[in-house]
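Down below are the structures I want you to see.
Next, two complexes with chain A in common: one pairs it with chain B, the other with chain C.
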Partner chain A sequence: MKQFAVVAPADLASATRMLAEPNRSALAGGVDLLDMLKQELAAPAELVNLKALGGLDRIESVPGGVLRIGPLVTLNQLAAAPAVRERHPALADSAAQAATPQVRNLATVGGNLAQRPRCWYFRNPDIVCLKKGGTKCYAVAGLNRYHAILGGGPSFIVHPSNLAPALIACDASLALNGPDGERKIAVGDFFTSPKVDPRRENVLKPGEIIAAIEVPAPPTGARSAYLEAREKQSFDWPLAAAVAILALNRAGEVVHARIVMGAVAPIPWRAPSAEKILLGAKLDRALADRAAEAALAGAAPLAHNAYKIPIARAMVRRAILRAGGVADEPA
Partner chain B sequence: MARRVTLRLGFEGGLRDVVVTIPDDEPAPWQWGEKFSVVGVDTPRLDGPLKAAGRAPYTYDIQLPGMLHGAILRSPYPHARIRSVDLGVARRLDGVRAALDRSGAAVRFAGQEVAAVAAVTLEIARDALRLVKVDYAPMPFVTAMEDAMRPDAPAVFESGANVGAPHINEIGNVAAGFETAAASVDAVYTTPVQTHVSLETHGAVASWNGDELTVWCSTQGIFGVRDDLAVHFSLPPENVRVITAYLGGGFGSKFGAGHEVIIAAELARMARAPVKLMLSRAEEHVATGNRPCSQQHVRIGAARDGALTAIELEQHGSGGIGGGSGSAVPYLALYRCPNLRTRERNVYINAGPASPMRAPGWPQGCFALELAIDELARKLNLDRLEMRRRNNPSPVRALEYDIGARAFGWDQRARAPKARGPIRRGVGVASAAWHGIGASGPQAQCVAFRDGRVAVRIGTQDVGTGTRTIIAMVAAEELGVPLQSVTAEIGDTRYLFSLPSGGSMTAPSTTPAVRQAAAHLKGKLLRLAAPALGAAPEDLVISDGVVRVRAEPDRAIEFADLCRRIPGDSLAADGEHVPNYGGYSTAQAGCQFAGVEVDIETGIVRVTDFVAVHDAGVIVDPLTARSQVNGGIIMGVGFALFEDRLIDPQTGLMVNPTMDDYKLPGVLDTPEIRAYFVEVANGITNTGVLGMGEAVHVAATAAIGCAVADAIGAPVRDLPLTPDRVLAAIGGV
Partner chain C sequence: MAASSSNGFRVIGTRPIRHDGVDKVTGRAKYGADYAFPGMLHGKVLRSPHPHANIKSIKIDKALALPGVKAIVTSADLPALPDKMEAAGEQAINLNHLSMNILARGKALYDGHPIAAVAATSPHIADEALRLIEVEYELLPPVMTVEDAMKPGATILLPSLRNKEDGPDKETNVAAHLQFKRGDVAEGFKQADYVIEREFKTAMVHQGYIEPHNAVGIYNADGHATIYCSTQGSFVVRALSAAVLGIAEGKIKVVPAEIGGGFGGKTTIYLEPLSVLLSQKTGHPVKLTMTRAEVLRATGPTSGSTIRCKMGATKDGKLVAAQCWLAYEAGAFPGSPVGAGAMTIVAPYNIPNILVDAYDVVVNRPKTAAYRAPGASNAAMASETVLDELAEKCGIDPLEMRLMNGSEEGTPQTVGPPFKRIGFKETVEAIKNSPHYKSKLTGANRGRGVASGFWFNVGLQSSATVNIHTDGTVSVVIGSVDIGGTRAAQAMIAAEVLGVDINDVRPTIADTDSIGHTDVTGGSRTCFATGWAVYEAAQDCVRQLKERAAKLWEKKPDEVVFENGMLSPAQPGGELKPMSIKQIASRLARTGGPIVGRATVNARGVGPAFATVCVDVEVDPDTGKTQILRATIAQDAGKAIHPSYVEGQMQGGMAQGLGWGLNEEYFYDDRGILRNTGLLDYRMPTCLDLPAIETAIVEVPTPGHPLGIRGVGEVSIVPPPAALANAIYHAVGVRMTELPMSPPRLLKAILKKRAAGEAQAAAAD
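Take a look at the complex of A and B:
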């Protein structure tokens, strides 16, 4: 690990000014950043400690039913907050199912959205792949059992954040603070495809930090579910995750639908084709099956990860049925 | 000089009397049904609180004044000639105190040692490594066993072929055996490379004083490390002292002085200062050993009644640039079969060398053999447990099958109709065997102090099995004093010799020596007590910390008061492990039952519960015995479901050398485990203790594999049983 300094900014403005300097990194819980430093995958000269800033670790209810989540709120805090549990159970579950209790006690929401990918070639200090400025993606002809089945190329990472698909399904937005002031973007627009730039995963500009995550009130009657499939039940990353947020009318027809998948693509993967199938139709098992089928229709697996397709499909179908309150009958 | 004693040997339902000859100074062996006061009582580890509080000094925790930090430069190439190594710039970096070249003419795996430095901080040492200039000439490499077996594969060693000569075992006539078979199975099974992942990585702290070397080392064998260092530095062994007070696991990977130990000592000598060199997790994964992979082509046949008629095994295994990859032993040992042929071949690949790992060869062999037996039972329409009973050579295991089947509910669960939902349940059973009878060599010393304390000293080490605790328990039992007054002092070559902790040998080999030392000390103490109590020493007994005249229990003296009569400071006596007297049996049986749930839409497997039945000798501490069972099964879950050392074919680098990507079972992956012990009086030593560490591991993975095949109605013949493989097997139904 290279030597570095940790600096404590006095306020948000000075934090963004410090971060705009070259070779600076924002430090939140440090769960990912410290790993990156120890593996010598990042070597910033200075870490700007966001924890020095007060007030960023709260969840506030603002008028209009919006929840304003500070970037330093930990995953455990998010998972346990009554307002989140009641209004956005899928979001709470996405946090509750990430990692382990120790990690969730340290890991923050902001850091979770800005964490770097887990691709084992990326994480290996002896390999310089496309994402690290090299010339090729080693996953293409290499070991790719955990890589992207949708939206891949030229890098085939899967975005590691559990929270991102849930936040997108909740129509949440981010307040980004930079040297030039604040801008607001939908969480879905925060993430960027490797086709644009394989070296990055989001649109943060130098000096910018996530200053708040805003989650609007759910549509009337909406219910949500988050499901993920993991090889191991402790301490593991999902093979595929799915969030479904549905509102049904009295006739059992879907009037609001959001389907977003995690761990299947370089960015959180929304499935508009599945949403379209659901909207206006009466929810039952067959409909959920069709929607799940549509969600994975465009999948283009690599040599070793086609098995993720049926897993993702099962997660989508089960999330739809759970959110819609329809029993998943025996297969 | 010797006396004859009658021992009651065997196990419940099959006991018989046998006369054995034992030396005069050997205490009478503990007998079947012996009444104990300390032994056999659930006893939390004596060092548990110290470990939980972080105050147990592991090698990692050793800090010496002026201590430097060492680091090793490793090859990023899986195969290369080394033209030159230039340490000049690295050596001149501020804070660097020593640098050395460890390269040979070539490197044959990514991660092989090339050079090393010692510096005032670990960060400077790592910086210095980046300044070492190595001129590599990369060469063609091969990292997958199947590829290495091809005739045109790159040669791992220029001097010879990748595929070694077969090691053959042959009994009877296999061809004839298959002719009489009513059904047979012909299938290929594979198991991946598993790494040990000891929580404490390999490493040492080395410190010189003139030509005397002291090394704190994370090792399973302090005397082996001592001897290796003595040879390497041409020193008499008594000039080398090795200390391992606490050890964070080894599982077979920590015998002898590894490169990191030698390097630490070399750097310390060059720098004239103590050097600490502990490996990183990644180094641990790539360079400190592993369980070899295997490919097992099994043909197995049986008569209509299930009696095996023939087994044939064509096995290839790879321990990287090392050997020891055979897995035929279970085929020879678990079941009766008149016609059997096994051929094992070692295959070299460009990967780190194998080292022994918990029951070497067994979990691999059991997995393939037990799955094949299940496939055969299905063809013959026989209950899978019944099939095993028919071919089981061990009367102890026959009893264990019954105990296990009852506890597990085999008859109901094996016949239960499959559920209709996505979650399918399955059950499996597999047999275990080992030979944890120990060996001679260990010597122990028992010392009583004037304040009534007793110390047991023996040059063994506690790999995490609870050795320290059970040694103290045995001494307390023999001396008749409470456990609290006994301290076990281990892990130092200044103490009397003991064997390396491996092969399930530690408890059966050390406890007889400890017991004999305690008996000898008791003899001396009773001679001291005799005048005070006005009785002959042979008429005295010690129990609960009081010395009494046997016939008149009121004539007594407290043990502590007796100790005050010790002239000088202490009274000591030695003891040794007497060569095994022979006895009932040297083989250990055992069996394990596993229950699993498989989600047939995702292919994800969860192990729900285990019943383990094992023969034990005298169980010194039931808590640590059960802990062995838990550990053996959890490690089996890892091998069954998750663990796989993955090497990238493009670069030859391991892609998962972390605790994140190399997947180990966690709390939620651990099944409910119930352990049952069948006490077998084996008449082998004065304590009759059997080692448990390996017997409890060999069958676990196989039982899970069998249960998964049962759940989905098709075998998954390749480990680990990951969702892709499970889904493929379901799709192929």
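Take a look at the complex of A and C:
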């Protein structure tokens, strides 16, 4: 690890000014950043400690039913907050299933969205891959068991954020604060496809930080579910995750649908084709099957990760059935 | 607490608080990486990024010129050693191979193989210096599997390696072929009504000790050296380091630190000679500690393996023949535990006809080290699942099948001589009678599996000293490090013999200058052998105490009785009042001076260990994920000294075996580079992944041991992978033959079975 200094900004404006300087990193929970420092994948001269700023660790209800979540809210805080549990259970569950209790006590919502990928080629300090300015993605010809099955190329990482699929499904937006002021974007637009720029995972500009996460009130009658498949019971990244938010009318027809997958693509992967199949149709197991098929229809596995396709399909199907209140049946 | 135990013991069988407990939970206990000395330098190791390469040159000038860098060593700084098996301390070992694993000589043989070591004023400078060392490699094709290594014309790892079968002229990757034979398997299979034959593959796995390897070396100008390190055997570190460095054994002192897990992986050396060599070059103490990635890339693992197992039974369930073929990855140098695999694979059963062939094969992976019952879990995965299948064919309950065929006193072992009194069938009965096995398992995709395991255990040498202090308290000094409650168990044995309170006994683990030779903590031998030495040393104290009382009372020693910590005249009555140890302790000066009890043992008559386990699982047929619902282990402990630590060993070994079965796996890519070099990608179970493991201690005393102890440290890891495979079969109907049975692998098997079922249904239409 290289030497670095930790600096405490006085306010948000000075924090973003400090971060706009070259070779600075924002320090929040420090979970992923410390890993990056120890593996010498990042060697900033200064860490700008956002925890020095007050007020970024709260969840507030603002008029209109919007929840405003501070970027320093921890995953455990998010998972346990009554307002989140009641209005957005899928979001609460996505936080609750991440990592371990110890990590969830430290890791922040902002850090979860801005963390770097887990790819073992990217994490290896001896490998200069596409994401580090090199010329190739080593996963393509290498051991790609945990890599992308959708939207891959030229990099085949999967985005590691547990929260992002649920936030996208909730139609949440982010307030980004930088030296040029604040801008607001949909969470879905925050993430950058490697086709645009393989070296980054999001649109944050130098000096910019996530200042708030805003989650609008759910549509009337909407119900949500988050499911993830892991290799272990705990302390593991998902092999595939799925969020479904559905609203059904009295006839049992779907009037609102959001289907988003995690851990399958370099960005959180929304499945509009699945949503289209659901909308206007009466929800039953056959419909859920068709929607799940559609969600994975474009999957293009690499040599070692085709197994993820049926797993992702199962997660989508189950999330739809659970959100729609239809009993699943063992296959 | 000192609630008295059953069957005649006062301390043994109770559960006092361990003597090292407070230090460990308050962070005061000193582990290897905690040592610091004035002027200490920090060392780092440069490792090969290639799995197989000739080393053409190593240029260190630029690195040496970096300010703060004090010394750099390569294999050129180590003496050349004979390329043959030689005695080092108490074991026979190929010292050339050992030395070449410390620092590569001419060839890099695995991803992570040490090339050079640097000492600098800070670990960061040492790290920086590693990048400035220029190594020119000539890449060679990596040989990663036993199949590839055994092929005719395979790329050769060690040009000087020969085996007896192929003769002195043939280059080979097969270091040894062992064969064990009894009866006539061809005839045996003729008697069988059912024969099952399967091929198994198990992945290379790591012991997963949480504390990485470490060493501080201090070389003195007088030619003596001291090593502080975390190890399972300070005398092994001394002997092996001396051999590699070319220093006389007696000139090295090893001070064992507290140990944060070993499981067999800390029975050899990696950093220890480097710390001394760098200290010798710089005149400073030098400390080296590994990162997790270094631990996974270059220490430990146990062999991945390919095993073929064929067993035959008559209709009524009698096993009549077994034929097994085992090939184990040794890593870069010979020495896989395939011999143990071969000798354990069918050992729990009385089978008249057996033929077992075993191959020790070098591959471009780290040199394997011992791991808890080394080699036996791989083997049991094969034989215990084939046995489950046979039981099913015969329509016999799998536990009954084990009872019908189980080894007992007089059954010949795979190596020939018959077992003495063993407790195998008792472990099967204990599972049969457990609340778990008696409970009914219901629900879709759920299944129950059982399996058994055998481990030899060893005895070997131990020394112990027991001192009676002037206040009547007792100190016990041993050379075995504390893994899993060693201090507590040894103190309890002394307290039992001396009749004193457990809190009046203070156990100490001494360095190699302060206690007699004590072999490595391995083979589940410590409680058995060191415990025996402590028992005898305490008896030595009793003998001396009687002499002193006799002196005070002007009697003969045999006219004094010692019972429950009290000395009294053999003939009751008269003026003489019984004396406690405390009372006589203050009068030792007047009767001839201090009392020191001593004993050494080369313990024979070791009691083999058996365990039987039961596991309930639920499988998600859409994802291939297995959840363990309930797990129980029954194990023969001979005599449980501290039952909590016996249960801890049973649960710990079972947890490791379950991880081995479900998730753990070294991922090498096709270039031979290890890809999962951290514990996030090398998936070990944590307490969140497993249910509380239920235990049943079985006590069938080892004949000949004064307390009947049997080692308990290892056998618990043997049955779990097979029990899991059996449970998975009973849950979803697929017979798994590869470890780990992780979601990708299990899902593939489930989908294959489903497709076959659909094809069959279609054909029937």
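Observations, loosely collected:
Just so it is clear, the second predicted complex is superposed on the first by the 330 of 331 C-alpha atoms of A that agree within 3 Å, B and C clash if a C-alpha of one lies under 4 Å from a C-alpha of the other, contacts with A are read in each partner's own complex, and residues count from 1 in each chain.
The rule is simple: a residue touches a chain if its C-beta (ideal position, glycine included) is under 8 Å from a C-beta of that chain, and two chains touch if they have at least 3 such contacts.
What you see is a predicted model, and the numbers here were worked out from it, not measured in a lab.
Upon superposition of the two complexes on chain A, a steric clash is found between chain B and chain C. By the touch criterion stated above, A:Thr135 is placed in contact with neither chain B nor chain C. In the superposed pair of complexes, A:Lys232 makes contact with chain B and with chain C alike. Within the superposed three-chain model, A:Thr220 lies out of touch with both chain B and chain C [touch as defined at top]. Shared contact residues on chain A (touching chain B in one structure, chain C in the other): 1-3, 100, 118, 120-121, 123-124, 126, 142-143, 145, 229-236, 239, 307, 310-311, 314-315, 330-331.
Contact residues of chain A toward chain C in the complex are 1-3, 100, 118, 120-121, 123-124, 126, 142-143, 145, 229-237, 239, 307, 310-311, 314-315, 318, 330-331.
Taken in their complex, chain C has these residues touching chain A: 49, 124, 444-445, 620-625, 627, 662-663, 667-671, 675-678, 680-681, 683, 685-686, 688-690, 742-744, 747-748, 751. Residues of chain A that touch chain B in their complex: 1-3, 100, 118, 120-121, 123-124, 126-127, 138, 141-143, 145, 229-236, 239, 304-307, 310-311, 314-315, 328, 330-331. Within the complex formed with chain A, the residues of chain B that make contact are 76, 110, 123, 126, 419-422, 599-604, 606, 641-642, 646, 648-651, 653, 655-656, 658, 660-661, 663, 665-669, 722-724, 727-728.
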